[in-house]
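See structure below.
For reference, chains read A, B, C, D and E in written order, and residue numbers begin at 1 within each chain.
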Amino acid sequence: MQVNEFKPLIVAFCCNWCSYAGADLAGNNRLSYPADVKIIRVPCSCRVNPMFVLRAFQRGADGVIICGCHPGDCHYTSGNYYTRRRMTLLFSMLDYLGIEKERTRVEWVSAAEGAKFASTMNDFVSKITQLGKNKRLEDLRCKK
Amino acid sequence: MVKFSCEKIDLVFAEIAKTAALYIPSNDKNNKAVFTKWQKGTKLCDSHNTQIGPKDLFFPQTEDLMAFKASNKKIEIIDTRKESEDFVIFGVRACDVKSLEILDRVFLSEPRDSYYAMRREHGIIISLACTRPSEACFCTTFGIAPSEPGADISVWKINNEFFWQANTKRGEELLLKIEHFTTPAEPSEVEGEKQRISVLMKRLPLANLSTNGFGKGKTNELFEREEWAKLSEACLGCGTCTFVCPTCQCYDIKDFNTGNGVIRYRCWDSCMYSDFTKMAHGNNRNTRKERFRQRFMHKLVYFPENNNGLFGCVGCGRCISKCPVSMNIVKVMKKLGGNV
Amino acid sequence: MNKAYPTEELLRISGVNPNKCMKCGKCSATCPAYDEMEYHPHQFVSMVNSGDIEPLMNSESIFKCLSCFACVDRCPRGVEPAKLIEAVRIAVVRKQGNNHLLADDVPNMLDDEIPQQAIVSAFRKYSK
Amino acid sequence: MQKISRDKLIKKASNLLNSGIVRCVLGWKRGEFDYDITPNVFTTEKELIDDFVWNDFCGANLSKYLVSKTQGVDGKILVFLKPCDTYSFNQLLTEHRFDRERAYVIAVPCEGMADINKIKQITNEGISSIEFNEDTLSISTLYNEEPIKIAYDRVLSERCLNCKSKKHVVYDELLGDDGEILESNRFDEVEKIEKMSSEERFEFWQGELSRCIRCNACRDVCPACTCEKCVFDNPESGVENKASANSFEEKLFHIIRAYHVAGRCTDCGECSRVCPQNIPLHLLNRKFIKDINEFYGEFQAGEKIGMRSPLIDYTTDDIEPNEAVNRRDS
Amino acid sequence: MQRIGVFVCWCGSNIASTVDVERVSEALKNEQGVVFSTNYQYMCSQAGQDLIKSAVKEHRLTGIVVCSCSPRMHEATFRKAARSAGINPYMVEIANIREQCSWVHKDIITGTEKAIILGKAAIAKVNLNAPLIPGESPVTKRALVIGGGIAGIQTALDIAEAGFLVDIVEKKPTIGGKMAQLDKTFPTLDCSACILTPKMVDVAQHEKIRIFSYSEVSSVKGFVGNFDVTIKKKARFVNENICTGCGACVEKCPQKKIPNEFNLGMDNRSAIYIPFAQAVPKVATIDPNACNMLKNGKCGLCARVCTAGAIDYTQKDEYIEEKYGAIVVATGFNPISMEKFDEYAYSQSRDVITSLEFERLTNAAGPTGGKLLRPSDNKHPHTIVFVQCVGSRCSVDSEKGKEYCSKICCMYTAKHAMLVRDKYPDTEVYVFYIDVRTPGKAFDEFYRRAVEEYGVHYIKGMVGKVVPEGEKLKVQASDLIENKQLHIDADLVVLAAAIEPDKSARGLATMLTASMDTNDFFTEAHPKLRPVESPTAGVFLSGTCQGPKDIPETVSQAGAAASKVIALLNKDKLLGNPCVAHSNEEICNGCSQCERVCPYGAISYINKEFKMPDRSIKTRRIAVVNPAICQGCGACTVTCPSGAMDLKGFTSKQIMAEVDAICR
């Protein structure tokens, strides 16, 4: 068996009303996912500025995932629709610049989808682990 | 003085590169000359001057000064300086050689800038006489002779031969290193070329540009001139002129929080930027006109005021060809100067 | 003719999504050739959807359809049954290797009584 | 060569100036050479006759100057706008950056602008004069006896080779005949990059962006960048810096710059024109434009005043971000 | 500089079994700003809260980080504790080390590491927290109900009964709406007028209710608790305070050939008219497009016969401005136009009618006095065909009707069929249906009675076309069960037209910044849990403006909307959510992008003068956020290119500090 020493660092932005609650539900149901995932609570996925995503990579994140309510279910009616467009363009631009497209993801996770939250995180972490360390968007000054 | 045929230049470069990092002007993919670290295959470009002068080899655009680390509520200060490696720059034109003299005045006078000084000590400059000045060149306005480029070694390229003349001890030592490629030459052999360049310079469109009306003691006369408003009207306030200028030496010092500590670094600043020299009370040049005026007053009046009449411009013409709105020091000098 | 066309193929040819049908029967209600047809427009939609295509291919109904597109126009769900019938017809023609009629034969068969729409339909049907 | 003559423009401007309809004229002023033209505000007929130019080097988009020049003073400003400039004009109005009533727009047909860099690639340095002929430019240099004749289309700037529109979308008065919106191949270069492998794309952009000296010319010339204070100048923003310390900051700057104008960029091409390091910045903007067109339907910023940019709009069945980036591969 | 206290909760063994709480509180001690760090068994218990309070006093804390369960559980608890300890509740941040750490990670080492990082992120955030004070705004104790149908009437009555002032704005000359036009109501067959008109009278007589009839809302400004509304009272050329509704003018009016809207054009009215006998207010209105006096100054008969002197030909539109605390939308529905369904020959034959027209035909106060007679020749119809789902349940691509089910048609058609068979047993009645939908109390029983007791022919299938031929209507239809095409010679064809929101709703939604779905029905704040509130605070939904409904549903929703209004008006002050957007006017460009993404219309623009550093004055357009309307989603913050817009409690700096702390 091969030992993989690499532990990725994943930043997950979760909207307060659906995805953060979904993450809580995953906890309530004791559905485990890797501790590499660290969640930041935002009121709505539309609060996530592309600069935050880039900031996370700069500071050493290996993957960034944004979770929000399912389209149509936004607590603020339309926030996640804006998120969807913003992140579509951002991700496409990162891909265009040659940044691995697997490192960024948007998932819609409702407050009832604890299992989806856990499986999404498991999947994302395993994809990033395969991909390895983020080299293309790193800022060497921030390395320890 | 020594000479060797042009075919040997790569061998000479290889020899120099054995003991020091060597930078030469070489064309990039856009056919623009840039100082490139020499390695086998790097082709010398001697037809036109580099996009940007050699300034950043001595005064990089960003440079770490020191670092701090806080642990357990204690601060540790780390010196980030590393002893610079020896390096050689080949192909520096007379204007850029002169620009280093201007930078030296700033950085090597007291208090001495140890970061700059360290690089100056480690760098050998091999100049190159101009063969084909651009229409934007006006170095002669500031008394610079492109036919006598100076620095540690002066170089002329005449037909199929390079002539190298050591001007300093470091230059002489370097010539010794490449001794086996060269044959002795007489200074008279380059006289014709010097003559040719001098004649050429007189034919340039900006050859008649004069510094009359500028220099020491002209502050009061020029400061309130109403033409500044008109001249600065088109200026976008970008930093292009400053960053391509071989003599601009202003920098800002900033802290970068890495999360695990702080890196204190400096980076080039531009007097065209709205927060240039911003202080606790705010900004002392609030309008674009004031910032625009600062740049030219600095080069043409304040710098000579403090440096025995030495102008802060070397006439390299870079700002002229790079300004997005084609507003430049020549237009300023013509508008405000004594005569044309 | 031993094997019927696959449903997917017919759906591809016609561009029809039979799942959109809500089984209201308005296509058949509006069909002028209803009484001539063994299988009616709504049955085409339903039978193609369930893969029951062979009876349709063997039925004269496909040639009884006038291609008047009334069913297409009236269908509240935009199912377009006539296009599906057309697709079955094409399937049959393709299997036979040629047309039931050639477009060039049509002019000879015309008489003054024949309605304009029938002529247009005939050309539409046989010039494929 | 431009079809409309300089004299015609001067005459028009002088009439409007003299009749008091406009207070001043925003146009192009001659420089030291035949190609270094500066945007300028003319206030008298004499100034116009002496210094106004209209030739193949009048690439500068004057629309952004209206933001500052309409501030604080009364009266109308006459502004000469080429077709592509009119899109910027409309976009600025959409964002309420100045008052439409304060501008008097004269639409000038444009035959495309020459790129001095392309000329210098052929003639090398030392241009002493340029003569404009019907289909050629005749360039005299210090180093050639005879002038070098160059076919006009060889030195047409990249943005004009891929001109998207010869039609003015706004004007008060039109000189000559208006053109049409064109079918351009402006996305070909973007497509070429898209077709590269991820590694190649990374290398390509690393190579381009590493030349950036962070002079901000691209930002400061951009008619969409009219923020009172740019995030890159604002220490509170978390991304402020005066120089890119490393390749991360180079990318950050250029991603955010392009992102902030996404959906607002009219593709006027000024950013690439002014870049002293010849970085093809328009390829970043065009990527966003191409994506917007593909994902959300054709959109041309500045086509009409008051249009809702695709980034402040949505439909309920927009493409998902990850689907969008994966689609290209399949 | 903050003085932060860190409180790590064990949550019994819930946290402590997979997170080394001792190590966590120890590790966080050295973080920036932390002056105190401890751990305790149950932080949320009274003892735990007391621990926090005493630590605040002892260590002069300015900020609190609790590492515990999800903020969704106990954020409110700890904020309350902070308040009682004398610090601003918004200086508290929670690190979620239970749901998002101890419960999902098995290994104590990784669990502890992650808990420390989550704690650091919370500390990083608190370092940048600022005390937030919720904005207060007064509540105007008056409600506006837009629409005077049964929905509006019921809402108004319920609010008024609770003691609050209510204004009803109705664009027609009378309230009553569609229900006033109905004959009987399913499934009980009560007479519609008998149950509605007493309510109309109640409204008219209620001292807390004002009716603005023949009026429209022309502008709405303000926000929850403080709406400024302008009502346009259209000129009716009759002084409604004087008019007694005697009807003398109506009788004498020479212009009598105006199609009567109330009877859907099946008979005529005069130029001056009272829509129906029980109209409220019962006053006359002059139709300016028909009145000879108003058109060419020749007549004046009504003024002469009016003993009260109420006629006023010079009356002008009047604009009334009023303040309201809450607005209820009750704009109702209309049947869709039949123009796209020409196959049913609606435009070709007067004997093809819609169901609403059928209501009037069978109504005793209708054009035929309640006798079922064909409009074309006033003969009694012997064969009647009802067609269901005309324009309902159409796909978008058919571009003809509506995608949704109109919900009420199945039941009223059963009612019509039954009533016809009851009154005229010699009549054959066919109902063509796609599905019969009867989910409702006693609904299916009602439908079965129509089939079983009254012998209505229910045929599964649709009518394909209707062709008028002589006196007959040739109906061609399919019977899907028997797989045959039917040809029926009908005397009357009744189309169950789909219903759609009233056309006025779209403009109103814009004024109210209330969102609508693609069909122009108002959207509710939450489809399940907040069905009578619009996403815009202070705007409530009643009746069919929100979606198709029958009368009982409408009335219950009207009551629900009223109860929400009452709850709102009962408050003297509204406390806002302090985590709202805020624009830095120094760097705002006024580009309007934020305004366009704001789902609540919370952002407006003002021109403001700024003193520039060079002492010149510059006037700039800047965005201003109304904190009472903003809900704090943050959409504007990302749209803003200059970063002028930020969200209190979730500032960009705070979020980036969290990112930094996590990635450290």
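Basically, a contact is a pair of C-beta atoms (placed from the backbone, for glycine too) under 8 Å apart; a residue touches a chain by one contact, two chains touch by 3 or more.
Since we're looking at a predicted model, the values are computed, not measured.
K.L.:
Which other chains touch chain D while also touching chain E?
P.N.:
Chains touching both chain D and chain E: A, B.
K.L.:
Counting one step per pair of touching chains, how far is chain C from chain B at the shortest?
P.N.:
2
K.L.:
Would you mind checking which chain's C-alpha centre is most distant from the centre of chain C?
P.N.:
B
K.L.:
Please work out which of A-B and C-E is bridged by more C-beta pairs in contact, and write that pair.
P.N.:
Between C-E and A-B, contacts are more numerous in C-E.
K.L.:
So the centre of each chain is just the mean of its C-alpha atoms; given that, what is the distance between chain A and chain C in Å?
P.N.:
Whole-Å distance between the two chain centres: 52.
K.L.:
So the centre of each chain is just the mean of its C-alpha atoms; given that, what is the distance between chain A and chain D in Å?
P.N.:
37
K.L.:
Roughly how far is chain B from chain E, going centre to centre by Cα mean, in whole Å?
P.N.:
The computed centroid separation for chain B versus chain E comes out at 69 Å.
K.L.:
Which parts of chain B, given as residue numbers and ranges, touch two or more other chains?
P.N.:
256, 259-260
K.L.:
Among the residues of chain D, pick out those that touch two or more other chains and give their numbers.
P.N.:
231, 237-238, 245, 311-313
K.L.:
Would you pick out the residues of chain E that each touch at least 2 other chains?
P.N.:
Only 597, 639, 652, 656, 660, 663-664 qualify.
K.L.:
Which pairs of chains touch one another in this structure?
P.N.:
A-B, A-D, A-E, B-D, B-E, C-E, D-E
K.L.:
Which part of chain A faces chain E closely enough to touch in the complex?
P.N.:
9, 11, 16, 20-21, 23-28, 30-33, 35, 38-44, 46-52, 55-56, 59-61, 75-79, 82, 86, 118, 142
K.L.:
Would you pull the chain E residues touching chain D in the complex into a rising list?
P.N.:
Its residues touching chain D are 586-593, 596-597, 605, 616-618, 620-621, 639, 641-644, 652-653, 656.
K.L.:
If you look only at chain B, which of its residues touch chain A in the complex?
P.N.:
Residues 256, 258-260, 263 of chain B touch chain A in their complex.
K.L.:
If we count contacts the way the header does, which residues on chain B are in touch with chain D in the complex?
P.N.:
Residue positions touching the partner: 28-32, 47-48, 51-52, 61-62, 132-136, 200, 203-206, 233-234, 236-240, 242-244, 252, 254, 256, 265, 267-270, 273-275, 320-322, 324-328, 330-331.
K.L.:
In the complex formed with chain A, which residues of chain E make contact?
P.N.:
70-72, 96, 98-101, 103-107, 110-111, 113-114, 117-118, 121, 515, 523, 535, 579, 597, 599, 631-635, 637-639, 647, 650, 652, 655-656, 658-660, 662-664
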